[in-house]
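Please read the structure below before turning to the comments.
Which chain is which? They are A, B, C and D, in the order written, and residues in each are numbered from 1.
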Amino acid sequence: MDILYAVFVAPFVDMVSYPAFFTEVVLGGLMTGVMYSLVALGFVLIFKASGVFNFSQGVMALFAALTLVGLMSGTVPFALNEVAWLAMPVWFAILVTIAVMIGLAFVVEFAVLRRLVNQEPIILFMATIGLAFVLEGVGDLMWGSNVKALDIGIPTGFFEISGVQIQKFELFAAATAAVLVAVLAVFFNKTKIGRALRAVADDHQAALSVGISLRKIWIIVWSVSGLVALVAGIMWGSKSGVQFSLSLIALKALPVLILGGFTSVPGAIVGGLIIGVGEKIAEIYWGPLVGGAIENWFAYMLALLFLLFRPQGLFGEKIIERV
Amino acid sequence: MFYRETGQFKTSYAADQALLPIAQDRYALLATLVIAFLVVPLVANEYWFQAVLIPFLVFALAAIGLNILTGYCGQLSLGTGGFMAVGAYSAYKMTTNLPDLNIVFVVLISGVITAAVGILFGLPSLRIKGFYLAVATLAAQFFLLWVLNKFGWFVNYSPSGSIAIPPRQVFDVTVTSAHAAPVARYLITLSFVTVLALAAKNLVRGSIGRSWMAIRDMDVAAEIIGIKPLQTKLLAFAVSSFYVGVAGAMFLCFWLGTAETEAFDLLNVSFPVLFMIIIGGLGSILGSFLGSAFITLVPIFLTNAFVGGLGMQAVTAKHLEIIIFGSMIIFFLIVEPHGLARLWQIMKEKLRLWPFPY
Amino acid sequence: MYLKKFVIGAMSAAVAAGAIATTTAMAAETLFIPSMVYRTGPYAPNGVPFANGYKDYFTLLNLRDGGIGGVMLEVEECETGYNTKVGVECYEKLKGKGALAFSPLSTGITYQLIPKASVDKIPVFSMGYGRTSAADGRVFEYIFNFPTTYWSQASAVIKYIGSKEGGMENLKGKKIAHIYHNSAYGKEANPTLEVLAEKFGYDLTLLAVDHPGQEQKSTWLQIRRLKPDWIYMSGWGVMNQVAVKEAASIGYPMDRFVGNWWSGTETDVTPAGAGAHGYTSTTFHAPGGNQALHDEIRKVVYAKGEGAGKESGVGEVLYNRGMLNAIFISEAIRRAQEHFKTKNVTGEHVRWGLENTDMKQEDWKKLGLVDFIGDIKVSCADHEGGGQVRVQQWDAEAKSWNFVSEWFTPMRDIIRPMIEADAAAYAKENNITPRDCT
Amino acid sequence: MTIEVSEREPHADPVSGPAAGQDSNDILLSVEHVSLAFGGVKALTDVSFDIRRGEIRAIIGPNGAGKTSMLNVINGFYHPQQGTITYKGEKRSQMKPHDAAKQGIARTFQNVALFKQMSTLDNIMTGRLAKMPDSAWNKIVQVFAQSIYLGPAKAFEMKEREFVEGIIDFLEIQPIRKTPVGRLPYGLQKRVELARALAAEPDLLLLDEPMAGMNLEEKEDMSRFILDVNQQYGTTIALIEHDMSVVMDLSDFVVVLDHGEKISEGLPSEVQSDPVVLKAYLGVG
């Protein structure tokens, strides 16, 4: 009886009796969700356009962040000693990093994708894991494995509205995500390339028949998700410092992916928010009952629950079976 | 020249259905077993047993398990680590709480327990497919590890939450814990793996194996010709989990002796085992062995070659190792997307014609 | 087809090369000291300075006084990446080369080696980590974890908090939260804190953070609501940096946030920048690189370009810890050489050497370290050595750690029985008969 | 779910043409007032007809007439919104495809649905799975038996193999036994698919355009096989075919669908001359 009360009643009583705190939990969840979405976006873009489940997305984020910090601090790649006059201003460093990520896209297309055309999805997935290893090693060799503080002037600190604490950093993150999504939306709907990408996503054969080069598409889409990786890298990097563990944020994006659907940009956002809020509420109001640290698996269970009702994810295309 | 089937005529369906229809293959297998059981124990030193051979065997078995599920039944899973952990912890609980139960049974029962858990987490596979299922199995991975890590009962309330296997004997020979001679641990592992690998081979070429492959190749058609999808998939989950569970139990009992849940986490087990079956070859028992060899041994050999051989700095070696390892994965996928097993087949087909290609 | 042939060739070549390398001959007439390090992987930021300090001290001994007792030291690093399986592989490899003592530098690997050590007769020295109950030398003959353990540390922290609150009696009703890495390592302190909570009547909240700990929002929301008077953290790797950052961003008073000795390094506070100012952590040795020994290392090792890392790294918290680890081992070797009257000591000799560690301030002074660490006395029954714990604080302007407390002696009267109980349980489970130390 | 719309006796139904008045155990399967729609799109509207034991029944009609949908309804892959299927005298409401298979309904597919990575032999062997008991307990026993292989499992396997070899000989595909079906030419794949269906020893065999994309002699072979199956095994066959000449030669009785409705049925000769049919086929056949 007490157990039933503790599980089904107490948490809700708690929520309503401390509305300020509850709001803070929900806000916190939303903000965390945004951070997840930033990572998930990269996956979605590539999967949508090329059907590749790019596991190296996390490492790409790390690599981008490492490059950015390296450039800002004027580190000499591989030599790892800092030269003052090499240090770049933030904006310039970001531009150079973007260039690097685009270069990476070319390399990946040339060295990997082009040689694995129409292979099984799982083979391509495996290839991206191999890619992750390579990037990880190269990143470490190039920029060193110590923790680097990343400060591009994102506001920190907080302000309170009627007892609800709001982090400036998180507001900034949310804004960035919004802008990013807006840009992507414009890119996909307004630009010629964008439409081409959508065409490919909808039907490869058709796209090819109207003469859209798959290779070009790949390069573009990998560049774009490289850009997304950079944004994610900056956000997470300024939270925890730039270091190897940054690559593990990929794991945080997976439940978001299945929840939102591998092929849907809005899905990545909404999925992120749902996961964020869901896991925070679960952790804070139900976690203590079982000793906490439940959010990791809870995120996946939540996603799994959704899948049982929508096997293609919240926004994924409907799967139609026919013979 | 030497590898020919000419002159080997099959007089019965039985002969044609045999495990290895071609004589040379049978001899090869026999030779391998003789070497593994008789020669290796004489020549190998502790380093080879503990750091190379035993892990290779343990992971080969885990790979067979995953291959049954993913390679034969087409159900992608990333929960391997969780299931191995279940096997290991079951083995621990049984050995410590039922000291008289023979370790052989402990290991097998651990597999059965894991199979039950596997069925449970296989249920979503009725509706969820492909990468969605893969990520869904992560729920199992994380949940199982959390449970094992959270509740003291599983570790007999040891404050550190890590488990250590006590010494146990088979025919009065100690085979578990650091007190066991490495060769003893190697031999018992090898025996388990040999028997279970043969069993798996038989299973996948029988009617059950065919029903799995039918589901893999085209589940809709499979259902229309009279295969129950859920039952077949769950069976695959059960058998696969049994193998993975046994592998987990051996991981603890015959290899490391002590473990904590981190030892079974996603990046330590689930992914590597998936790499093994993809690199080795989906839907191939031999491939599971080749894959395990590749993933567990190549890094070790690279390091030793760099540090021991070329006298490189340990850290630089590690970085290069990671890079080369990654490139090798990509390279092999490009050369032969169907894995080392297929590469091996191609070589055999070449051999058949050699030295007269036409 | 050629490609495939090439692949086969390349692979067999790699295997062959490896096979040859794996069976390299044993070391010559030198003292072989294995060094398990992790300069790669998620914990590399902590592993690198430690490894450097460890290596540099032995290099110093070689360059300055030609090794120990006239025998040169051969230090071989093996990269574990903090991965238990790799660690075991390293152990087997280095063991074959006549290793004298292992410092696994990872809880997971330590647990692996505990059963092996007594079989292989090579001592395992897990300095301030690993299995706390290994402090009971009667059960864990070959395991040493002096100068002090997680449980002692926790009790010392409570003492520190008591002193700050103006007496242990004032702990009653105080709220203390323990944020811990959800692993064997992180959980170590929990039993102690619970026992002490009953004794001193503070209420304890345990908050687990899962590996890797990049995302701790919910933990810190709970802190926000709980408003604990003190936070104690057993963190590791990225978890520390995020925690410090989060604490700063919710405006928690940093001087009431105490990390354990794996959560108090330069690395942990750098990303938070100025926000981390005032963050404290425990330690069992002094921070800073201005001791005589450090100068020696700079003069002898780095001047000759033999340094393992950057000279600027000398004196970092974890550098000092690695150096300390090396000192304990080399002193044990020296002790063993004198006692057993042989230059080429074995693992068993070194075990004796470690067990008879007894270093007072004057001994440390001889080594060029003043007020660096408390007195240590290890014995057959006590492998913890009764080391003392001190609290250091981060100064974000000066970018340096400084002591802010006296040395605290842990509550041995409470800890020791717990240790013996756990050790006894282990002995029973693995049917070990404790040796007699009387 | 299915809604009963007709309480009338099937063979009292005037639309069943010559079938009417036949005594009911002569009727293997009867389709009554079946309507099927996907969302708004109507695939079948109020279709009714019987299939008599031992006959070869052709279902014809222009593209998009709903022929394949009809087969899918019969073997339980689609569930009609209205109408009932009576098979072997018992009315069937909901039914899963694998149950249909168990009750002796086998089929081939318009665009071949073989198990690409498996050999011809294995593909045909899968056809036998429909005959095996599939209680959970039996499966568990099977797992142990088959993993040991020697003994009962082996004996059983051999029995199955012999039966399948019979079919292989019958369809003259011995040489491709061990070839992965993915590598086979289209015509042969169709044949293997037929073999797989036959392996299930079906009472009712549904063939969806068995000769699509075949050249003349392949068609002749296939026609021969179909007739042989019908005569030697007495299997009832319902086939969809475009090639009118083939239909005329093979079928005993023809049902014509157009836009999901039955516009005519009767003996091939009758149907051929039916003005409605000609209109529907205008310019087609």
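Please note the rule applied: contacts are C-beta pairs under 8 Å (C-beta built on N, C-alpha and C of every residue); 3 or more make two chains touch, one makes a residue touch a chain.
The shown structure was predicted, so the numbers you read here are calculated from the model rather than taken from an experiment.
Engineer: What chains touch chain A and also chain C?
Structural biologist: B
Engineer: Measuring between mean CA coordinates, which chain is farthest from chain A?
Structural biologist: The chain lying farthest from chain A is D.
Engineer: Of the chains shown, whose Cα centre falls closest to the middle of all protein Cα atoms?
Structural biologist: Chain B is the most central one.
Engineer: Looking at every pair of chains, which has the largest contact count?
Structural biologist: By number of C-beta pairs in contact, the leading chain pair is B-C.
Engineer: So how far apart, in whole Å, are chain B and chain D when each is placed at the average of its C-alpha atoms?
Structural biologist: 42
Engineer: Please tell me the distance, in whole Å, between the geometric centres of chain B and chain C computed from their C-alpha atoms.
Structural biologist: 35
Engineer: So, what's the distance in Å between the C-alpha centres of chain D and chain A?
Structural biologist: That gives a centre separation of 49 Å.
Engineer: Averaged over CA atoms, how far is the centre of chain A from the centre of chain B? Could you give it in whole Å?
Structural biologist: Each chain's C-alpha centroid was found; their separation is 32 Å.
Engineer: Taking each residue of chain C in turn, which ones touch at least two of the other chains?
Structural biologist: 39-40, 182
Engineer: Can you list the residues of chain B that touch 2 or more other chains?
Structural biologist: Expected reply: 220-221, 224, 319, 322.
Engineer: Mark out which residues of chain D touch at least two other chains, giving numbers and ranges.
Structural biologist: Correct list: 77, 109, 113.
Engineer: Which chain B residues qualify as touching chain D in the complex?
Structural biologist: Residues of chain B touching chain D: 13-14, 17, 19, 199-200, 202-203, 206-211, 213-214, 216-218, 220-229, 231, 235, 239, 283.
Engineer: Provide the residue numbers of chain A that touch chain B in the complex, in ascending order.
Structural biologist: These residues of chain A touch chain B: 53, 111-112, 115-116, 119-123, 125-127, 129-138, 140-141, 251, 254-255, 257-258, 262, 290-291, 293-294, 296-297, 300-301, 303-304, 307-308, 311-313, 319, 321-323.
Engineer: Using the touch rule from the top, collect the residues of chain D that touch chain B in their complex.
Structural biologist: On the chain D side, the touching residues are 75, 77, 96-98, 100-102, 106-107, 109, 113-118, 122, 125-130, 132, 134, 136, 139, 142-143, 146-149, 153-154, 157-158, 160-162, 165, 196-197, 200.
Engineer: Name, in rising order, each residue of chain B that touches chain A in their complex.
Structural biologist: For chain B paired with chain A, touching residues are 76, 124, 127-132, 135-136, 138-139, 142-143, 146, 150, 220-221, 224, 266, 271, 274-275, 278-279, 282, 316, 319-323, 325-330, 333-334, 337.
Engineer: Can you check the complex and tell me which residues of chain C touch chain B?
Structural biologist: Chain C residues touching chain B: 3-4, 7-8, 14-15, 17-24, 37, 39-40, 77-79, 81, 83-85, 88-89, 92-93, 95-96, 107-108, 111-112, 114-116, 118-119, 131-133, 182-184, 187-188, 190-191, 211, 422, 425-426, 429-431.
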